[in-house]
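In what comes next, chain A is part of two complexes: it sits with chain B in the first one and with chain C in the second one.
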Partner chain A sequence: MFTLPVISGTVYIYDVEVIKYLREKYNIGGVLSGILPQYPQQNKFGGLPLKLSPEEALYLLETNEFEFFDDTETHLDEYKEKVDEDKPDTKNGQSSTTSNNKVELAVLSKIPKRSSAVKLKEPVNSRYAVYKYLVQKGYFVLPGLRFGCHYMAYPGDIMRYHSHYNVLGLDYDEGIDLLTMVSGGRLATSVKKCWVIGAKNPETEETEAFSIEWSGFG
Partner chain B sequence: MDTVIENLVHQQLWTDCKIYNEDANLIRGTPPRKLHPEDAQISSEYVLVSHMRDSVSVRGYTKTFQSVHDASRVVHAVIAEDSTIAYYIVYKSLNPPRRN
Partner chain C sequence: MVSDDPFFNSTDSGSGPGIQLDGRFLKTTTNKGYNKRAKDVYVLPLPFSLNSLPALIPHNPLSVFMYTVALLSKPLRFTTQKRHKAYIDSTSQGTPGAFVPDLQSAMELWQQGFFGKGTLSRSEPSWFGRTSRRLGLDGGELTLEEITEARRAKRRKFKKEREQQQLLELKQKQKEGVLNPADANLLDKNEKKQIEDNENNAADSDAVVTKVRKEDTDLIKDGVIEKLETLHLHPCEAVFLCVCLGVLEIDGIETIQQLLQTFFPEDSDWQKYVVYHYFRSLGWCVRDGIKFGVDWLIYKQGPPFQHAEFAVSVQPSSGRPDWWWLHANMRVVNNAKKAMTLVYVTKEERPDYTKISNVAAFRKALSQYTVKILTFSRFTPSRCRD
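And now, the complex of A and B:
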């Protein structure tokens, strides 16, 4: 059983071993959201912590191999402390003793307060079914903003493959404008991908998906 | 549907184009060449016809695939107000993109 911290409803992972495990066992890549201290001006490659999307967090929760605890306060405390440190010290004589106390307090506050009722951000219901469908088929799933969709699905580790699908997660009866289909299908085909729409059938509880590509004529 | 049949026959050079299922807006016909580079041979295809003002849904495609029985793909023709037609191929479930 792994225990992961939740900060303001979002799971952040600070342990490289856990990140490796998620990637190898669950095809979960997440998004590295920290900067690299050596190269603070670039954002191509991120550093720790790894941020999980609401879908990824819920998926891990459902495996029963992970539990979450709320770590928001620790981070708030540390933030306040840092802000306080920056304030000019008016009482010069007492500075050494107060900083000692501060260190002690900081250590104490780092022991997380565990509770069972952790609030996680919830994914959009219809999308989650499609997310799960993709992950269970062995795809790596990344956010789809860059290609105007909900998810990008990779056939294997994201460092080794290009994505195959630009995916929209919909409700079963949700109508998609044909102009959206044409632009989605055309964009995906021109970057050697397929445009996919998926939804959970409320009668059978099965997720159904369709891949759309430009025909090459007309 | 007639507009699409005319376009398929005269511009895209398809053969044997007939209305397959009026209620489901389906045509059946044979293209002049393989639709996908990995196809073994040219085979007859189903063509779903819709107008730009229509919309598609997962339920809609599921119904379409139910009316074409064994087929794993359907060509989707979209007609715009100015009579231009765009053709897309819809595959059941996940179909890997073509390698080229």
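And now, the complex of A and C:
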């Protein structure tokens, strides 16, 4: 079981092994939000940490395979204990390495206890239904703000494919403006994608999705 | 043609600029030719004309006399004359807006301010001309639809020729034995595609569309082609023509109050009108923006002259648009090289229509609304570097 750190409601992953595991097993890509120290002048490729969207975090929570702990609290506690232990250390004149090890052990042992108290940012309900639907179908789903939608769905690993769908997650009874339909369909088609709207049917508890293509284009 | 542009007077014929020059030369000539014709046809910016006074020559007593008579007999303001007639679709699921059935009126409204859209055409009501030409009669000048179709056919032909050229090159390479695996793959693919295309073409030629169709006999009544097309006016256009210019009469609508109740039942309809009226009164040519997912497109002169410069979206003054919506629209609008304009109307409720009994009251109602304009464009540092 992996433990995932939460910083003010958002999951940041610093461990490459965990990132690999998430990609391979759960089709979760996340967004690399750090920079690459060797190439600080570009922002096309990010580095660690990997930031998970609220949808991704909730999806992982629901799998019951991950523990979440509050990174801020843990750090504060660690700091406090360090200060406490440093005081007698300086008096007795012991070396500090042994005390550091003690602190680490103490912190790790405390993690599972806190996991239940951690608060994650909550995704929008209607969108999450569509997100889950797509992930369970095997798509990699990334945030789609760049393409003016809620999600972009990739048919496989994000490094291998371009996204196929621009997805909008709505409430089942929510009206949709015709102009939104025009701009959505038009934009998706002009970047060679397909525009998808989806919603969860409250009666059957099933998510339904439709794809829309702008015909006669170009 | 060339001399009026200093750029073309240069005697430099280097290879680099030469290509660029050729491209520009072609472009300017075609545009100029079209614009010249457009300038002759689209003279009036709005469908009315002011009474013109005769020329005044101070030292000629006859001229002074004529001028005075004209000044006194014809007032300088334009006279409103309801010369265009329209009807509304009054069925329960009726299309909003008004329809102008008379082709002469329709053409006038289109040519003088670009109002409405032909119900069987892309914009200008050109169905009659197109159909006449298709049936072998004189249909006048080529319509926009036909120009587009011709351009697409040309592009298709060019792509096909390019494909064949590539195929030949690859085959040549194969003969010489210098074909690398990637190219071999491509060759295989292209050959398969060619076979497929040929099959499709064979199927196409069987079902070649004959120019004259079976249904065409129904179009001809008493030896002439029936005029099926009407001009569809947007509710805002209809109100603008009726109330503000006073050149349109709509069947069954007597008062301004009735007109507003029919055309602007919702607050949002009225807001859209306020924005329409605002840009029209500033001299812009305003047309519906549904093609680009916005409320209005505004042109400096009109569609035949240049593309719309701004895409206008009417926003409620309370609340703000979703980010994803804004991003999507920005991309669509910027792909068409337009700037996105958000317009906020400060008051959201429509006025009390029962109090609007005449044009003065209408003007007073409008004066209670103000609009705020926010124009912006997408900026990507790496792509927008000059």
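Keep this in mind: the second predicted complex is superposed on the first by the 173 of 218 C-alpha atoms of A that agree within 3 Å, B and C clash if a C-alpha of one lies under 4 Å from a C-alpha of the other, contacts with A are read in each partner's own complex, and residues count from 1 in each chain.
Here is the rule we use: a residue touches a chain if its C-beta (ideal position, glycine included) is under 8 Å from a C-beta of that chain, and two chains touch if they have at least 3 such contacts.
Predicted model, so just to flag it, every value in this text is computed and none were measured.
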| item | value |
| --- | --- |
| Partner chain in contact with A:Val182 - chain B first, chain C second, else both or neither | both |
| Partner chain(s) touched by A:Cys149 [first = chain B, second = chain C, both, neither] | second |
| Contacts of A:Tyr165 with chain B and chain C, given as first, second, both or neither | first |
| Which of chain B and chain C A:Asp173 touches, first, second, both or neither | first |
| Which superposed partner A:Ser215 touches (first chain B, second chain C, both, neither) | first |
| Chain B versus chain C as contact partner of A:Lys137, first or second or both or neither | first |
| Partner touching more residues of chain A, whether chain B or chain C | B |
| Touching partner for A:Asn201 - first (chain B), second (chain C), both, neither | first |
| Doubly contacted residues of chain A, that is, touched by chain B and again by chain C | 178-179, 182 |
| Chain A residues within the chain B interface of the complex | 137, 153, 155, 164-165, 170, 172-179, 181-182, 185, 188-189, 192-194, 196-199, 201, 208-218 |
| Of chain C, residues touching chain A in the complex | 290-295, 323-332, 335 |
| Chain A - residues contacting chain C, complex | 144-150, 168, 178-180, 182-184, 186-187, 190 |
| Touching residues on chain B, where the partner in the complex is chain A | 7, 11-12, 35, 50-59, 61-62, 75-78, 85-100 |
